[in-house]
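Chain naming follows the written order as A, B, C and D, and within any one chain the residues start at number 1.
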Amino acid sequence: MSDLHGVLPYLVSPIAPDGRVLDEVLARLVEHLIACGVHGLTPLGSTGEFAYLDAAQRRRIVEVVVEAAAGRVPVIAGIAATTTAEAVRQAREAEAIGADGILAILEAYFPVPEAGVVAYFTAVADAVGTPVVLYTNPQFQRSDLSLPALEALSRHPRIGHVKDASTNTGRLLSIMDRTEGRMRVFAASAHIPAAVMLIGGVGWMAGPACVVPRQSVRLYERCRAGDWAGAMALQRRLWRINELFTRHALAACIKGALEVQGFPVGAPLPPQPALSPEGRREVEAALAALEIHAEGT
Amino acid sequence: MSDLHGVLPYLVSPIAPDGRVLDEVLARLVEHLIACGVHGLTPLGSTGEFAYLDAAQRRRIVEVVVEAAAGRVPVIAGIAATTTAEAVRQAREAEAIGADGILAILEAYFPVPEAGVVAYFTAVADAVGTPVVLYTNPQFQRSDLSLPALEALSRHPRIGHVKDASTNTGRLLSIMDRTEGRMRVFAASAHIPAAVMLIGGVGWMAGPACVVPRQSVRLYERCRAGDWAGAMALQRRLWRINELFTRHALAACIKGALEVQGFPVGAPLPPQPALSPEGRREVEAALAALEIHAEGT
Amino acid sequence: MSDLHGVLPYLVSPIAPDGRVLDEVLARLVEHLIACGVHGLTPLGSTGEFAYLDAAQRRRIVEVVVEAAAGRVPVIAGIAATTTAEAVRQAREAEAIGADGILAILEAYFPVPEAGVVAYFTAVADAVGTPVVLYTNPQFQRSDLSLPALEALSRHPRIGHVKDASTNTGRLLSIMDRTEGRMRVFAASAHIPAAVMLIGGVGWMAGPACVVPRQSVRLYERCRAGDWAGAMALQRRLWRINELFTRHALAACIKGALEVQGFPVGAPLPPQPALSPEGRREVEAALAALEIHAEGT
Amino acid sequence: MSDLHGVLPYLVSPIAPDGRVLDEVLARLVEHLIACGVHGLTPLGSTGEFAYLDAAQRRRIVEVVVEAAAGRVPVIAGIAATTTAEAVRQAREAEAIGADGILAILEAYFPVPEAGVVAYFTAVADAVGTPVVLYTNPQFQRSDLSLPALEALSRHPRIGHVKDASTNTGRLLSIMDRTEGRMRVFAASAHIPAAVMLIGGVGWMAGPACVVPRQSVRLYERCRAGDWAGAMALQRRLWRINELFTRHALAACIKGALEVQGFPVGAPLPPQPALSPEGRREVEAALAALEIHAEGT
């Protein structure tokens, strides 16, 4: 299972107004995504609103996804904390539930020096027996993983993947080069998946794959086959889905798009706003355009 | 109790390596600060590492402080969440424990539109019967309270104070002007307390007051008496304590200074670093300079 | 003349559509400001659009102001360049024209290391016989003057003043403390002048003083007399003028306000926008409010 | 000549300590680059220190390059100003000297609203008969070209190219999509050239191509031939040259690398620092590694 690769959608977290996890719709979404051919599932990423859920909700999300996936594809569960102790607790809990890997996120209020960042991720990887995927998002977090920190962490036996959610694609090539390939790279929705595959990426972990799973898998396969012209033809059309997230709030946009597709996953947790009517129209138009053109591909 | 004013130290949160709250030292610190004449106490502010504590630790901190204060000075308990529901839960819990007021903080991962910010703080104020002090820190948070938002919120019967932790002192005068005095302003450690008192502030909520409580109270009294020359003479010496925080991590610095003073409050929660030996020497020097000169004042 | 202090308005640069300096209106503005009691004049600051003028325009602006001032108040001419050589050239030119001091600004495209920043300002001060006022504006420039850099520069015989255009008032107290008073501080429009005077400032260099010179001088005199209650009563009313600049473009706002007062100084150089009709109404309202209330002060 | 494409090195500006342009070395560099097969030349880009040169130096740089190129490859001259009038003057001057195109840069001190940005670039394009390449660098400028602004500008008959120096590669695909291909895209050194070619770019304008021109042309040819595996094999090795610029100052790094190659172009203009000895060693090592491996490619 250490050979993680391919399309791993970031799952939304469907939560009822009273705080309960909507097990049924989440399980149905998992079933749908597996049927579409995705290579893994990632609950509790950014799209999964990890920062808005309490401990019980987070636990339940992972339980539902692990149970629904039933071992057919790996489940890489997000964990996120400001303290090392809480991160270790969450990682062990996720492993105990049956997650096949950990997506490790460092939250911070005050800036953390690099030694603390390395210590945090090392402690998480020491605490579990599964692969650990590092996650870094300089836009929404107060820390970043520097190249030296990534190089140091890449020597840990369970740390061999990173998901970089910056918009800086050149950094991904630098990471691969600096770690001599020990750190395999997943793209995020801010990167162009086909471009990241070209430079040596192993796939993508991203919210949009929840919404266009079949097309995402097809894009991945064309990249793997070296059919770059075919990949770009598809990539150009799919990019409009990614672009929507730069105009609308991430979780709201994915949840809205899933509602359009018949998955009543609800709205983001308040005070986050739901997708605006205008945003919903844009999402519908983008999906419609894809479905129409998608027939011939 | 709606007439909040004066020096309200931000309390540190002393936590043992196993996660227990160190009740005894926290209670002793409360006793010491009240003996020094402070006008109130603020557990779970930034200095109190609210972002690093779990629900049980936060609850315990407030319990210990409320019990130790025993009604002698108001306790304004910090609450902080990314969701409205959790904020309301924390605020009600703090009131039930006996807090005299709420310091309300909005955490965010994704940016929150202004309507959501206003809705969040309004929900908190609606949920309790105590005064609610708004807290805004654009440096460490992903949202800020705009002047229109503050004006709207100032019309809530329980929202009449704001603590602004920006470094922009001019903004404080704009807040007072814009809300026609309905929003009373507490300075934070990034502002010069005497300057904020001059422009109409009602006091300060800040970590350094934990370390120099007696001198802080004296400074407040000189300001209230209109003795601005005397206030500035003292302010100039105290400012070096505030400056230390721009060079060292906030919680580490206050905790280190309290250790020097005989309060074994421990280090910040990992992966936050403890105060460096060099930082400790700077803190010792700053305190020594104050004590020596403080005799004659 | 090394005892610079008081109210030094930042002058606008009136430029005709064909690029000519409008000598007459600039000279008339100088006359008016001196009649209102200002303590000095500062052509080619931010408000003076130094970044938008060519060498000939800059030179002409200084000539007109020096001639019109005729030695009655000191003229502190702004110089600004990306290279040390050009800065030295401008400073010598301003001195040759008759400026009584230099306001030295470092422009940058790429970041400049601290040693380069210190070398730049030192070269300017070495090149002239007049006092040099350092200017730092972290909002619009790509370099800032750190406390160590300011301390080093404060030991130069001709560098004894700084104008800090950050919004961080606490930094001003740190500068005075760190340089043991060698560096005297002028406030900018983002700081509250009365607060800066309280903490030890020597005056302010700012665009708004162009628009409310008489009231600015009165405010300065109250501060110098230690009449802090009287100063704050006036400061509160004047602050609304400063606030306008946070809502509208600086040069457009001052130029618009001077047009309202009968000085046809024109609009900022394109592609900078002129003051919007709404902005003009706000300026008119702010000025009207001041004049009405100003009678009784 | 409106079919601009391929590798267009950003030329350095060799300036003697007394300010004279070093004509001979610049002409020799042009000769060398043309011999290496580059598709065009770009004087006065960021690498060319346009922000540090006066009007006479800028003019001379363009004259020397146009004369040395002698029509063999197009010369796209950089122009940069804060005012529309000065930009138009520079553009006309460059065209009169014989430049085949204009690289148009907007400098700003105060933020410029979008309408002003569009007006500036439109005025430049209206003033000349050559193609105009838009340049945007959000890292060092205070304005950016939004997608709507780019769409509007793409309808001008002489605006059909953009060089985007952000690090956000996804934005390039959005630009192509939004302008329906009317805006052709050049990569900058922060983007991975092969990735930009994959997504539809037409080449790159960048400082590193000054230093590795032959390899850059080979990379371009592999991309054009659809040999993506071969392109990436070369790209991976060349990327280390681009990475050097994230660690060292851009102009210093390119100038230092050219000195190593036997072009005495001097150091950047003070107060910019020259390349440090450590930086020079890194550059030498990177070049040596390339030459050794380059034999077999």
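Here, a residue touches a chain if its C-beta (ideal position, glycine included) is under 8 Å from a C-beta of that chain, and two chains touch if they have at least 3 such contacts.
A quick note: this is a predicted structure, and the numbers were derived from the prediction, not measured.
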item: Number of steps on the shortest touching-chain route linking chain B and chain D; value: 2
item: Intersection of the contact lists for chain A and chain C; value: B, D
item: Separation of mean Cα positions, chain B and chain A [Å, integer]; value: 37
item: Chains that touch, pairwise; value: A-B, A-D, B-C, C-D
item: Touch list for chain A against partner chain D, complex; value: 166-171, 173-174, 177, 190-192, 194-195, 198-200, 226, 228-229, 232, 235-236, 239-240, 242-243
item: Contact footprint of chain C on chain D as seen in their complex; value: 19, 46, 49, 51-52, 54, 82-86, 106-107, 109-113, 115-117, 119-120, 140, 142, 249-251, 269-273
